[in-house]
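Chain lettering (A, B, C, D, E and F) follows the sequence in which the chains are written, and residue indices restart at 1 in each chain.
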Amino acid sequence: MARMLRSVLHNAFSKPATRPFPEAPRAAFEKARGLVTFDCTDCRFCGACALKCPTGAIRVVREERKILFEPFKCIVCGACLEACRFGSVQMGPERRKPVYEKPVEVYTKPEADKPATPQDRNE
Amino acid sequence: MSEGTSVPFGPQHPVLPEPIQLRISLEDENVVQALPALGYVHRGIEKAGELNDFQQNVFLVERVCGICSSIHALAYCLAVEAVLGLEAPKRASYLRVVWMELHRIHSHLLYLGLLAEAFGFESLFMEFWRVRERVMDLLEMTAGNRVIISVCTIGGVRRDIDAEQARAIREELPKLRDEARRLVDSLLSDYTVRQRTVGKGTIPAALALELGAVGPTLRGSGVAQDMRMAGYAAYGELEFRPVTFPDGDTYSRTAVRAEEVFQSIDLVLAALDNLPEGDLKVGFKGRPEGAALARVEAPRGELIYMVVGNGTKNLERMRVRVPTYANIPALLTVLPGCEFADVPVVTLSIDPCISCTER
Amino acid sequence: MNLIQKARMKSPWILHFNAGSCNGCDIEILSCLTPVYDIERFGAVNVGNPKHADVLLVTGPVNRRNERVLRNLYDQMLDPKIVVAVGTCASSGGVFQNCYNCMGGVDKVIPVDVYVPGCAAKPETIIEGLILGLEKLAKMPSKPKKGAQPAEART
Amino acid sequence: MSVLGEVSGIARIEDAPLESLLDALRAYRQRQARFITASCLDRGDRFEILYLFDEDLRTVAVRTLLPKGAKLPSATGVYLCAFLVENELQDLFGIEVEGLHIDYSGKFLVTDTFDAPPLLKQTACELQLPKENPS
Amino acid sequence: MSTPEIAIRLFAAVLLAPIAGMLLVGLDRRISARLQGRVGPPVTQPFYDLVKLLAKQGDTTSRFQTACLALYLASNVVSLAMVFLGQDLLVMLFVVAFGAVAYIVGGFSAKSPYSQLGTQREMLQLLTYEPLLIFLAVGIYLRTGSFLAADVLRLERPLLPELPVFALTLVVVYCIKLRKSPFDIAASAHHGHQEVVRGPLSEVAGPSLALVELAHWYELPLLLSIAALLWATPLWAGVLLGLACLLASIVVDNVAARLTWSWMLRFGWAVAVPASIANLLYLYATRGGGS
Amino acid sequence: MRDLLIPILVLSPMAGGALALILRGRAARSALVALSAAALVFAAVALASNGLMRYTPGPLTTIDWNRVVLAADVVLLGWFLALAWTRRHPGAFSLALLQAVGFAFLEIRYGERLRVTQGFVVDWLAIAMVLLVSILGSAIALYAIPYMDEHERHHPGVPSRQPRFFALILVFLGAMNGLALSNNLYWTYLFWEITTLCCVLLIAHDGTAEAVASSNRALWMNLVGGCAFLAAILMLAHAQPIGEAMAIDRLVGGPTPYLVPVALLCLAGFTKSAQLPFQGWLLGAMVAPTPVSALLHSSTMVKAGVYLVIRCAPAMQDTGLTNVVALAGAFTFVATAMVAISQRNAKRVLAYSTISNLGLIIACAGLNTAMAVSAAVMLLLFHAVSKALLFLAAGAIEQRIGSREIERMEGLVLRMPWTTALTVLGVLTMLLPPFGVLVSKWAALESAAREPAAMVLFVLGSAFTVLFWVRWIGRLMAVEPGREPEMTEQMPALFRWTMGSVAALAVLLSLLVTQVMQRFVAPVVASYLQVGSEGFRATVADLESRIGSFPVLGLALSLLIAVALAVILASGRRAPTVPYLCGEPPAEGAELAPLGPGDRPAPVRVSGTYLERFFAEERHAAWMTVGGVLLTAAMLGVAAL
């Protein structure tokens, strides 16, 4: 008990280990696996990503030339990233945020004048 | 006249991190019988392993258990590699050791914290988990994720540890060792902890062997058995001796895990020191045909994967035998005779992982 | 914001239930309690008893045996209450899509208020999810519904 | 389909007919081999069951072939700890195990919501997809 | 005591003391958190907990248990008022025991396994701390010649130097009453990680649980004022002594594991009770002072 | 009229008893019991309102009453001899023989010294005792009417022994009144032995082997007491040449040189009150029908022992004897309270608790200050009422559920809500402030505060006491959350009325504790004021002593407010619920049976904790007996020195 006493007293008189979250979030690790997004600029809609996805989070609708991505099925494993030969799948270190309703993200080939943004659609 | 007491312990119970039900019969708070009801986490992974593409299975088996996830992946990969006749590159083997041992550190610190929690030593729980965050950061830094690090793949590893990261690990681990040493000393010498652990749930070595106990549970009974001695990955080239404690009680099992934290730290540092240059993975063609069995040492004991391939992309059979599975009979044997208050402590002393057990 | 809403925001008592998860999210929920994340800062306590809890944190894809347990726990919680599905499996079944014993997400069994992504969900995300859920919890009616009583009437 | 030939990682596989299975297991028990587990494969008209043992870090196995519909004698009399895996065989393969020490009668890991034992080869996965949300 | 003075004291006991108690409960959690290297909840946390519980819809336990818990709360209020009014300490302790009995009977009345198991342990806790408190009262009597709290306040010198053991047994009582390790065997203080869940409170929820939380707000000032009796002049020193006991129990909570009820019984009856008796015998032997 | 009161109190029940033997037919017998009860209550109340008095009966036509007593004694001793002989109990026989020889010697040698001028002296202690006996006794006798009918229904085929039963009960009541009022030790001895005989015969009522064995134990242990009593009379008759040798008011009105007889009387009191080491007979007596337990073994007969000790208290003031008596009582108090924790049988719990409380009374009498004696008298009164209520309720429960096991009473509130409520009330009046028993315990503690050994034992004993009471209530009230009892219950009207009035009496008496103090207790201890020992002062609101105060009114008011508040708070909205069973829902219809291993419903049960590991009777029997024997021996030894 004496050793533990030393520990707790040490804690009492030093700064708490608690990180100030959410007030001052820590920067994500550079190589963290976080947000999966698609950039369809060079996408051929070949479906390799969907085939490799172990959870079926990605659906490629070849005829309509769009990718349906359900981020709340995604386990951020990066298999799609490794499968894609065209660099159309990106993974950033940021965390995805919690939501009230599960979205389905729809990615299409960007028109020349339209930026490549996902359109959210509720299922 | 006395009808005794029979209470359900679980599936949802504050001291149980995972759903399992122990049906406990008591006489004045002394356990006379404990019968488990499993199946609350059974998902059917062995079947899914037959339905999935064998390469996707890596991601599946990592999620058999989140605490020893990378070791599941390693065992699976080793088994499939054996079927395919592959050998992972040297660097990959060493990196595997690094990650496996980091994982073991996190798992053991987690266990030590949970055990402290089981006998209501909240501050010690907090301390262990605070120290554990250091490992979690190392894992996130190197593998990109905290818990499910997803580094193994068939034929090697998916990520590298660069010089910068290696330096960070080398800096961090000694700090961790100091803090953990201080905590482990307080844990193992504490009067109240000894009151709750010494002589509780004693499994003599002969009984442990007879009931098929593995890992720290077996080593806590004084049997020096550790699958890493078989020398998979790069363990054959690194020096280590299994940690054993002789008494077979909760205290011994705890002490084994506590000391293994330091052993693992040494192994990580040694692996980093000897890290050879080279490829991260070997490519392969073809589909698995034939059968292989891989046995590795997970934090909780020996983990066994057997895969049977039939030449298609789907496996014929994927069999998983996890350490907790082997330790449950020993647990059930020693629970009767304990006090009710000891049930969580003794149960935790085998560091049960139910999601492993039920797959 | 009235007093009751503020109190609800500041006193979330948590029940954590592992509905067949791989433990990944569960240990991250536990991490939230520990010094580095310390959700007791927000008044959150892991009570472990459905009768005391306001927030149900569920992990895992829900298997067939603990489906009844999950429903029972949910029923035992007093209104107002929210359910937070933590992790990909709890949200949608995740990697266990081919597993015969899985229900494929918490929302197949009980209504879910907040989905927290991640495999495993990181402690920061869990905290964000909890806070998001509390905003919903605070606005829930304080009196049991009698006919149509507007939820926001009290603000 | 034929039985497994060589299994990489298993040093020796000894075949034992069903009748002398328990004797074979007893021999291992006498040699103080540590029981690891049993593993079952669905081979169409029969099951191929491997009993795995550890002998100083080496894996050895006893194999028996069980025709479908036949009863499997329980190993719990020899190795008590086999009760877990035998209950699992009952659950997942529908094998009836005779003389089981602690018998969960087919509800060890699963509740009875399946039409057929899930690990049989012919059992398609789609059969067991989740029910719709009842509420 | 004049009527206005009685009114003022009653007001202090019934309305002011619980506010102090609330802050102390909050402080207790905060200090525990700091000892564990965390930030911890705000000091006003118990207030929010209470409001939230009161706003819960409905109650899950039986009417009988709710009534028992209300009696538990009432007994805490009354016993605190008795101290403030300078009443008989023995009677005050009986009233405290009344509350404990109500709490236990309430716990037993819920036929739910953990409520039952926890309440059995609660009962053993009562068996452990009750004699310690009565011995304390007797010790005070032996030096003051009176069981009246009012007479203790009139003393010119502190009692503690002659009743040192009781400060220690009081820490034990604090640990038991405040559900702290190593004695949190029936229900843990804040975190529910206990093999008997929340013991007697396992079935109590919503407004009924709020009664219990409120009762704790009275319990802490009560325990504090018992400690203060050991150093009644000047009174602030007594309050400090009480706070020191509280702090000691928090520290003990954080450096000890939870032990078992059999250990507690053995400790209580083989160490704490004999120690109390030894102190009492010393007081008998050196009779004098107030008699 | 005044002069008739005592004969009514003593003789009319006896006559009623004789009549009961002759009368056949339930209705007539019931009417007789009711009539006797009415007469007793009336006479007792009249006696109380009359206050202090002295009375000596004139001769019965030409026969001296002493002759009647002599004849009765002879019959009685002969009966004992015959009883011991027919039951083949050599121990009892030799004790009876010893007594017969002693008695013959007494009559022959000192016959003329046995009469006194004041045959009956009515003081407040006696009035209190008479009130207890008459009111509680009547209630219990009435309760016994439906009880015995049901009792015989449980034992079909055995010829009805009700005439004998009620005869014994009525005779016993007369004897108890005589015992309380008589001022002549020689007469008291007769009444004392009559109660013994009634007790022994009533224990054997059912005629089973166990009943007879218990009856035998009661016989020989009480005969030990009888011997001691007789020895005391002999010694006094020998030592005191004057004509007032047997006058109790002279003998024990103040310090006396005759300590050994006093010690012997205490010993007799110990046997009657089942103090260690004589506790065995009272525990065995629990086999008797419950009205017997209620009447003889808790509220009246066993009180005769402590009554005698309280009476003797002034005589042993400031002697070593009084300290030993105090210690012996306190020892019994702690030891039996401790063992009671391990008891699973409700009646045994009640029996142990009775012994324990009697021990406390004796200890208080032994402490022998004004405060302590006040405590003793108060406890005598309050304990009797509460314990009578508890026994009556236990009897009603036993007849309904067919068991005395506390474990079988789990959730009884659902089946017998009113009886359970009365039981709980009974326990609460034993246990909690501001009820009378606790006020008395407070008084006991305050009066013991200066006596280290007694005080420590009192504190420890009180701590044990809480345990077994609380557990019993807990079992009775254990109901699955979500179920509420419907307050309907079938029971015989006489059960309802007798239990109801005893319960009302228990509460009322507690509320009037200050009045009780002033009326009955203060006069008893008045004599102590002369020796400088101060007792309690009773004001309207408080009970005060020099060292403390018990705010009776304040606490009663607080309790009232608290209960009202509790009722209001408990009336809040309920959410539909099932018990927390770690998540598994209880199976439909079955009682608390969640699915367990193999998805099979497995009933959940939590039995009470009886801590047999610590407190089992067998563990403690040896040292308890040894301690009892040593203390009893010490008592005689100290007196002799």
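As a convention for this text, a residue touches a chain if its C-beta (ideal position, glycine included) is under 8 Å from a C-beta of that chain, and two chains touch if they have at least 3 such contacts.
As the structure is a prediction and not an experimental result, all values here were calculated from the model.
Determine the shortest chain-contact distance, in steps, between chain A and chain C.
Minimum step count, chain A to chain C: 1.
Kindly list the shared contact partners of chain A and chain F, in label order.
B, C, E
Please work out which of B-E and B-C is bridged by more C-beta pairs in contact, and write that pair.
B-C
Can you figure out the chain closest to the middle, judged by Cα centres?
Looking at where each chain's C-alpha mean falls, the closest to the middle is E.
Relative to chain F, which chain's C-alpha centre is the most remote?
When every chain centre is compared against chain F, the largest gap points to A.
Hey, how far is the Cα centre of chain D from the one of chain E, in Å?
Their C-alpha centroids are separated by 58 Å.
Roughly how many whole angstrom separate the Cα centroids of chain A and chain B?
Between these chains, centre-to-centre, one finds 28 Å.
Measure off the straight-line distance from the CA centroid of chain C to the CA centroid of chain F, and report it in whole Å.
59
For chain E versus chain F, what separation do you get between their C-alpha means, in angstrom?
About 36 Å, centre to centre.
Would you give the residues of chain F that are in contact with at least 2 other chains, written as numbers and ranges?
Answer for chain F, listing residues that touch two or more other chains: 573, 575, 577, 580-581, 583-584, 595, 597-599, 604, 606, 609.
Which chain B residues reach two or more other chains?
Correct list: 5, 7-9, 11-15, 19, 29, 35, 39, 42, 44, 47-48, 51-52, 59-60, 63, 123-124, 126-127, 130, 133, 145, 148, 190, 192.
For chain D, jot down the residues that touch at least 2 other chains.
Residues 107-111, 118, 125, 128.
All pairs of touching chains?
The set of touching chain pairs is A-B, A-C, A-E, B-C, B-D, B-E, B-F, C-D, C-E, C-F, D-F, E-F.
Spell out the part of chain B that touches chain F in their complex, as residue ranges.
Where chain B meets chain F, its residues are 1-13, 19, 21, 23, 28-29, 35-37.
Considering the complex alone, what residue numbers of chain B touch chain D?
Those residues of chain B that touch chain D are 35, 38-39, 42, 44, 46-48, 51, 79, 82-83, 209-212, 225, 227, 229-230, 290-295, 302, 304, 306, 308, 316-317, 319, 321, 325-326, 328-330, 358.
What residues of chain C sit close enough to touch chain D in their complex?
64-65, 93, 98, 100-104, 107-111
For chain F, which residues are in contact with chain D within the complex?
597-600
Could you please specify the touching residues of chain D with respect to chain F in the complex?
103-105, 107-108, 111-112
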